[in-house]
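Two complexes, one shared chain (chain A), two partners (chain B, chain C).
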Partner chain A sequence: MSASQIIFYIIAAVIIGGGILAVTSRKIFRAAIYLLFSLLGIASLYFYLNYEFIAAVQIVVYVGGIVVLIIFSVFLTHASGDEMQKPVLWRALFSGLAAVFATALTLLYITEHTFIPTANAAVAPSVKNIGLQMLSTTQYGYILPFEVVSMLLLAALVGCIVIAIKIKTKE
Partner chain B sequence: MSEIGLTHMLFISTALFFIGVYGFLTRKNMITMLMAIELILNSVNINFVAFNKYLYADKLDGLFFTIFIITIAAAEAAVAIAIIIHLYRSLKSIDVDDADLMKF
Partner chain C sequence: MKTLLSYSFSSLATHIHNWLKNAITNDMLLTVTEMVIVGVCLLVFLILLAFFLGYMERKVAAFMELRLGPNRVGPKGTLQIIADTVKLLFKEGFTPDAADKFLFNLAPGIIITTALLAVAPIAYAKGFQIWDINIGVLYISSVSSMAVIGILMAGWSSGNKYSLIGAMRSGAQIVSYELSIGLSLISIVVLTGSLSLNDIVESQANGWWIFKGHIPVAIAFVIFVVASTAEINRAPFDLVEADQELTGGFNTEYAGMKFAMFLMAEYINLFVVSAVAATIFLGGWMPFHIGGMTGFNHIMDYIPSSIWFFGKTLFIIFIIMQFRWTFPRLRIDQLLNLEWKYLLPISMVNVLLVTLMAIMGWHF
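Our next item is the complex of A and B:
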């Protein structure tokens, strides 16, 4: 077993273990921290695949943004040491069975299927190539989704302020 | 213990996806349900990156889809948390069973 394989299995264990603990832990703050570890594991998986830019985006947006947002909302809405109530037994049982069997079925199909990689020369996933194609207006350029997503972010920003603002009622 | 390939990545993403589905089905707390959705979206991202790396290394489209999914997930999480905080103010609870104001 080579060092690369050992690193991969460590990363996989961190991702899966963090994910399982994040959905089963009964203390909500701990669940958020386990989610953080799982997301960091996914970022290291991107590093493992030599996609440094995506890994950096993953760390900045998920670990630096979304998890911090989740932790702050936990602070705003919970006494963070409190334990959540246990899930109903039959619901946990049937959800678990559904998840296990669906995983098994999907993995069966994945192992049966033969994937055919392309024969063309690889393009380096460097920041230069990503930026050039993302802002290109020619065919296979991604300028339109880029602009649409910027409008979406603006709408989300305004929407968050409108939803969460506290309206003071005058006496 | 073969060489690490596409199948290994798909194993991780499948397991993570159904862990997220399990969490979404069993949890009743809105914040933890949001966390389960983040896990599902992340497993989709792993799929896109792995297919781009192992099958279509001559293109960059998988990376763009991943970047856009990350952006939309961030927007979605921000809006969801704004809704959750607003709901907490009016109901003093973020349990999905208590949020039945729009029922019927």
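Our next item is the complex of A and C:
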């Protein structure tokens, strides 16, 4: 086994192990930390593949943003340090079955699918190329999804403000 | 004479690399050996740096308050930090009863790891860099955004209300000040057209950005220094620790070497922030050049690039240290107002100005 493969399996073990522990841990704060390790593992997988920009974005968005928000909301819950009660058996059973079937389905698709190699030369995943493609208005540009997603984010922001706003009542 | 004076560490690194290449034929072993050497050198450098910054901070504080500072241990008190370290080594590293043991012991490790990760892409001298990654600026800002998780972990797992309040404050503080830091970095990325620290330094060969970029870049520089002081939890933004109200905040329950790791991470973060400010705005290892004056530029070239880099970095560290003894600590609402009502709108308008400048080619 080459060094590259060893590194890959270590990263994969961290991702899967973190994911399993995040689901099975009965302390909610620890679950958030295990999720952090899983997401960091994915970022290191991107680094391993030399997709540095995607890796950095993964860290900024998921680790620096989403996990921090999750931890923050854990802080605001009652008794965040106590062990949660054991899940009901049939619920755990069916969740396990759902996970197994989803994995099986994904594996089936990956093994059945024939990947067609393209004749075009590979494009370097540099920041410049990603940016140009993202805002390109040509046939394969991503400007429309980009703008639609920004509308979605705007709607979410407006929603947050509406929920958080305090209307002063006149006495 | 020229070669001796403009000596850079890069030739030393090349020599060692060639020597090792002859000694070790196995490619994988060579890579691993070199990684270990680089790692050990970096750790030794950072420990010495933390010693130096600790001493410097005390002396700066003392002189600003008309005191002498440490002056008993060693000549001019230079060995005081060594004595303090030995004291911390002998202290008991206890874990409180109410703590979540696993996370409590993991937190100092997370904090120091994130601090060390951010050191990797910094260019110390001409051609002397650990990792020339082509998204250097984005990498540093993304890795340093992880530091907050270590603080949240430390504060929560201590099982102490003061620590928890400190951690909550740090969450609000670091997440909001990251925005201004990102926007002020973007203004230079817009002018350079690259995220690589090397490209940014190269683009300042005919003048540093703070001079070339007129007032908008100067505003970005000020915002960067203020926001990064908040990001690394230094006074006047040290609400996370706030000795008087929170008895130490998130690190209340830590003692001995675990506490020393927090301290060391703080100094490494201070160095990283100042090094980034020096690289982005003040030209990194690039000597002070004025376009057109070849004689003057030639004299400046005689000063080694590493001295330029460390001189600029220490200058910014000195400024940030002076903040600590100049301004009183902000309240949490003042802190959030400063970011969301002043720094963020200013830096947003500033990015637009810089973009206009870059498009019209108004900078030198």
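The rule is short, and it goes like this: the second predicted complex is superposed on the first by the 141 of 171 C-alpha atoms of A that agree within 3 Å, B and C clash if a C-alpha of one lies under 4 Å from a C-alpha of the other, contacts with A are read in each partner's own complex, and residues count from 1 in each chain.
Rule of thumb we're sticking to: contacts are C-beta pairs under 8 Å (C-beta built on N, C-alpha and C of every residue); 3 or more make two chains touch, one makes a residue touch a chain.
Just so it is clear, the model here is predicted, and its values are computed rather than measured.
Chemist: Just checking: does A:L135 make contact with chain B only, chain C only, both, or neither of them? Give me first, second, both or neither.
Modeler: Neither chain B nor chain C is touched by A:L135.
Chemist: On the A-aligned overlay, A:F75 touches which partner chain: chain B = first, chain C = second, or both, or neither?
Modeler: second
Chemist: Looking at A:L108 after the superposition, I want to know if it touches chain B, chain C, both of them or none. Which is it: first, second, both, neither?
Modeler: In the superposed model, A:L108 contacts neither chain B nor chain C.
Chemist: Check whether A:N120 is in contact with chain B, with chain C, with both or with neither, and answer first, second, both or neither.
Modeler: Touch partner of A:N120: chain B, not chain C.
Chemist: Contact-wise, after the overlay, does A:V158 reach chain B, chain C, both or neither (first, second, both, neither)?
Modeler: So A:V158 meets neither chain B nor chain C here.
Chemist: Look at A:F53 in the shared chain and tell me whether it touches chain B only, chain C only, both, or neither; answer first, second, both or neither.
Modeler: In the superposed model, A:F53 contacts both chain B and chain C.
Chemist: More residues of chain A in touch with chain C or with chain B?
Modeler: Of chain B and chain C, more residues of chain A lie in contact with B.
Chemist: Touching A:I33 in the superposition: chain B (first), chain C (second), both, neither?
Modeler: second
Chemist: When the two structures are overlaid on chain A, which partner does A:I6 contact: first (chain B), second (chain C), both, or neither?
Modeler: Once the two structures are laid over each other on A, A:I6 reaches no partner at all.
Chemist: Across the two complexes, what residues of chain A are contacted by chain B and by chain C?
Modeler: The answer is residues 53, 57, 65 of chain A.
Chemist: For the complex, which residues does chain C have touching chain A?
Modeler: The touching residues are 28, 100, 102-103, 106, 133-135, 138-139, 141-143, 145-146, 148-149, 152-153, 156-157, 159, 164, 167-168, 171, 175, 178, 195.
Chemist: Please name which positions on chain A make contact with chain B in the complex.
Modeler: 1, 4-5, 8, 12, 15-16, 19-20, 22-24, 28, 31-32, 35, 38-39, 42, 45-46, 49-51, 53-54, 57-58, 61-62, 65-66, 69-70, 73-74, 76-78, 84-85, 87, 91-92, 95-96, 98-100, 102-103, 106-107, 110-111, 115-118, 120-123, 125, 129-130, 133-134, 140, 142, 145, 149, 152-153, 156-157, 159-161, 163-164, 166
Chemist: Write out the stretch or stretches of chain B touching chain A in their complex.
Modeler: Touch list, chain B to chain A: 1, 3-4, 6-12, 14-16, 18-23, 25-29, 31-32, 34-36, 38-39, 42, 45-46, 49-50, 52-61, 63-64, 66-68, 70-79, 81-86, 88-89, 94.
Chemist: Can you tell me which positions in chain A touch chain C when the two form their complex?
Modeler: Residue list for chain A touching chain C: 3, 27, 29-30, 33, 36, 52-53, 56-57, 59-60, 63-65, 67-68, 71-72, 75, 80-81, 126-127.
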